[in-house]
């Protein structure tokens, strides 16, 4: 559809109240899933983020990088093993994780944002002691999978104040200099809480919370965190959604105003969430 | 036409490079003509201006108010007389001009901008000694019609820095405490020059410069100021366009990057000018 | 009387402790009455205010303009009607009030202050959303006479910090974009309170509170606000003094240290109040 | 003579243009002579200085202390010897000079200024390496009498910016840690030059430059520095006036706008100089 | 012993954690005793202080000057008389005390610090109204010996912030302009408390608190202020140590983290205290 | 050898003039070679850098990581090929280089500095568009080996100002989003020049420039850049030293005061260079 300049202007004007609402606030975007693999979606996300910064929002990007880690491990002939969705991480794997996340995925995102004329800086949990962690204790030994013990957002705030979009790879430092692999959803949730963010947005490959798994139109738009236990009992929240929902609940409990699970497969889903009344996906508050 | 959220997002993204280009720059808008009378156009202009401020542009609004002055003069039973398009301004008229411009039109605009959630302050050339003037010498005595002798933009800059949109009524102070009526186009041009503005935008009731007066499609999009004399000889620039074009030329000569004559009768013409490649109206550079 | 340079120096030195006492403090002057009509008194007041700013006092000038409104209304053939001292203000009158106060009286004062080498800016209650109001409910419908609902002094403080004397015309904005006429004494009192001012000074055409109406020497110099009810019962406070005294009491109750009713007919009465021990007029504390 | 409050106000207002002229400028006062001995004059000078600071002038006080040095030397049984008006300063004398100037006269002035509610700090040429000096070479060995080699006003500027009146005792440090006695007039002149001062004021015990030594009414109000050689040839400048005039000439040559020789025996002579058109004493420009 | 460059580097590195611990903190050094007389020790102390400033510690130096006062009094033929260790101070003595402390000892220290490339400013209790005092009441009339009534550290903080080491002579101003002699240990203790200092260091001529007066190896390294009464009963704290210990206790009670009595006769005792784990002397906490 | 506390203090004091000389200046350290492999040396370098920051030096660390890149390539079964000492870098290799340098070596250094209580941030040439590059043209196609086209130090300066030690991995972005491998010595030299650094220090595995290759004692301490051609002709500069020397010359030519080639195999060689007169290695100026 061809949109005329005059209609374009109207669209901009209709975005005005949303821009006014968010200007000066902090929004943490967990970037992942399909939107990180598909080139078109990737471009759409990058421009969404640069636009957000431009209209005065403090955007913080937190990312994972499962597929790239997997393919690197394959290259060195190492098999990936998962327990409850978490990668078993021996010392060698831990090094690959750090390299791929902090050196490849992270810096590629920085470069991409800058090609959209954003100003960005690539950080990981080690920089400025941002994320401290200890070994995550579970039934099976997961190796260097960590649990966050402390979040120090000074370096993020300093980057934001100096006009850079902070892009964060989620590895964390341990007490004795070891490096832990941290789940990116959890890290995003904790960073959003520590920053007193307005919003946490988790980009996923699902529409949101569906009352009927097989019916996209059964999406639940708003969930009060107090309803979560019942929804879990009812089986509405299940499988891979459980940890995502937990991150949202945790964020809201620690003071984030709103947490969202949105569908990263829809182009510009972040902007749609931020610049419309009806939003997109499921919002926890 | 119904525009989907997804298309809206695309429109916003397409505005991104234009926003990046103008952020932090100064744009002076001379607001007048039909766009100041028609309520819908008025609303459109107000939201355009608030949006511009929001995306980081320093907007300065300069306005006239001929019709409101005329109707006030009529109320007190005084006839308006014009010489070469300039109002003959005796002492009583000068007072009415000041009252209507600085007290009515100006403050109404301030209130309107604020109803669009902008923050604005209404100033006139007397505030902070912004505009100094002397009597304009012409064949016929025009009374208190002034010629600008000095522009002091400190109070405009201070308003902008403190987050207010300065709205300027163009009366100016004379050496002995008299008050002069100043042509708003000229004042806008001089203020833009003094501010080192990126753009001066004159809102008019014509399409722009037309090669054939009767054919809107013959519009000249870009004019180099050096071509102006020839265009004037050719009769392309004539009648009421001459002073408008002179203001643009003068602004460019004094360092404004671009000056525009745009059609205020088209809704959101300012945004269209700023946020598209082809722009609207005629640009002088 | 000729005063020698040496005596002049002594006078300056004797002002020293008063200057030290007030430097850095805020004083709100309600300017009105005779001192606003008589040219000599006007000049005296302007220089008093500029001097105050110069010695480090944050002066805020609030003014009315009854006589000028009246004469303008007369010009357009409209009669002024008053109920309990308040002007009945229909829609047309409201526009005249705004024009005259914000466009004429206000900007003339700004120009006058600047001719005394002060730096001033003319504001009204609409600028920066300074004064919000709703319709004043009374027995008889007064039209657009408003009651203040909110005072936002940001724009006053910002003007002061940038070295401008804010001059305030007391019209206020309503919820739906209507404009209300506000009593200037009340506005001054509320602004002083919101600013946490050191002093509110109401310039009037009387000596102050007199124990015996007909004997200027029976002036009461100091009144504790708790004594006001008794003085009212005794008839010492009566007639036109009641609303003035109420403004003073209200200001003190809301945190202003001292409120004064002074005689604007005495040249330099503000300076005399500020720079002498005995002061002038009646002080409420 | 009794001065009424109303006349007092007028005097203040008449000082307004002078205050406006000097606010924000730097004035260096060399304090000495009779005005430093007579208690009444001392009080007058202190209040003059505090008033100057209060109206926004950056005052710097430089002082000598000949009589107090003399009486201290007498106490320890040491005779004062002078060559060409300069004290011959052996090692022991140098110590006494430093003690008396920097420890007694200087700090007493600080205390006195503070008793007038000024804020002051007592400095000497050693503090912050303000004054560097070398031995003054002359026909007769003068011991530790120094010639200024470098002036560093950082500590003076920092005191001024923090709201303190700097009071300076004129001893200076030598390259090898020795301390030199510096002529206070010369030090004041050099400090004024280095500060780019508006005025240097030398307080003396004479009326100023007199055309006829015996006739106070023959005072020369204004001297252009280019006229000085002729005045010296004519004998108008002679004796003790020569070094004073040289200090003034030197100051003007190095960029001070105006240098004054005023009569410290007249109470408030500084204020009279600053706050009147005709001034007092002799001005070099 | 010759120390190689490589060993030097190691020593610097070993100082690293101590520097990190103290950077940005305030340490008040009471400088006195032998370390103020012996030239080598003097040089050592000066370089210690300059080094402390350089590594980011806010050092404040407070000093006495007994011996120099004594010798000056002797010069003018006046005998020193002491009651309970305090100098009986008549008016003339008070002047000598002020002169010697604030003019000689103080400024000599400033010059010495600057010869070590420090930046220093010499202050006394009169500057910026730092120390206010009243007459100390005791059995015998001590004259102008004062008791501190108020400590105003603004001028110290301002000096520190501007990069100067404040050096403080302990004379204080009385209510009526009189000047009091203040015990330097007590002044240091009070200034440290008012500054919220990390440490108060009293330089003395003893090793510290000794369990056995005659055995230097019996030194008590750490004393909790609650143990002081018992130690006093046991006679471990006695004689001249009592007032010193009281100053330490007082400082700790008023919020100083640690107070130290160290042996100024050991070169670089301050650095040893600050840059080693075992420290030196006795620490009160 | 046991060094006493007293000797330690002396060593610190002797470092004083060197600290004073460098405080506030910028020093760029190219970290590489043996000092990056040997654990003890690594620790020594880290503490040297943290100490430098602590005494007020702006340290910037630039690093390579050849050995770690080689071992990673080996892991994925890829052979390293070098032409003239430069790694031939195909697309896959370029990705490994980026990952290892920016994700592993860089962040490990950050963590290590922080374990020494430094505050650090790991950056690469992509962050904040620090390094822009184009393909290096040479006889043989080297693939993604880049030549620097632009250095933007904003992000380095911003990190330094916020108290972080910037650690820089030398990959750079190309015009079309490709990533280039940049020689770390050259990058360090260019960054030092752009920062207007005081010093560039290249850590190598040689003593410095030797007149006789086989005799460590024949070291040339100081080389004027104008002497370099002759030294190259004489064969004193040859082999692997040529590019190192060129970096130093280039840095000096572009405004760096001094460039050093030092021996990273000697513990604390940086500190020895900075904190002694004789320094270590070879200095170019």
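The letters A, B, C, D, E and F name the chains in turn, as written, and every chain counts its residues from 1.
By our rule, a residue touches a chain if its C-beta (ideal position, glycine included) is under 8 Å from a C-beta of that chain, and two chains touch if they have at least 3 such contacts.
Everything numeric here is computed off the predicted structure, so don't read it as measured data.
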Quickly list, by label, the chains bordering both chain B and chain C. none
State the smallest step count from chain B to chain D, taking one step as a move to a touching chain. 2
Residue numbers at the chain A-chain B contact, same meaning over half shared and different meaning under half, come out as same
Rotation angle, chain D onto chain F: superpose the C-alpha atoms of these two copies and give the value as a multiple of 5 degrees. 120
Chain A and chain D: spacing of chain centres that average the CA atoms, whole Å: 69
So, what's the distance in Å between the C-alpha centres of chain F and chain E? 45
CA centre of chain C versus CA centre of chain E: separation in Å? 57
Going through chain A residue by residue, note those that touch at least 2 other chains and give them in order. none
Using the touch definition from the top, list the residues of chain A that touch chain F in their complex. 72, 75-76, 95, 98-104, 106-107, 110-112, 114-115, 119-124, 126-129, 155, 158, 162, 164, 169, 171, 173, 177, 179
Parts of chain C lying in touch with chain D, wherever the complex brings them together: 1, 3, 5-17, 19-20, 23, 44, 47-48, 50-51, 54-56, 116-117, 266-268, 271-272, 275-276, 278, 280
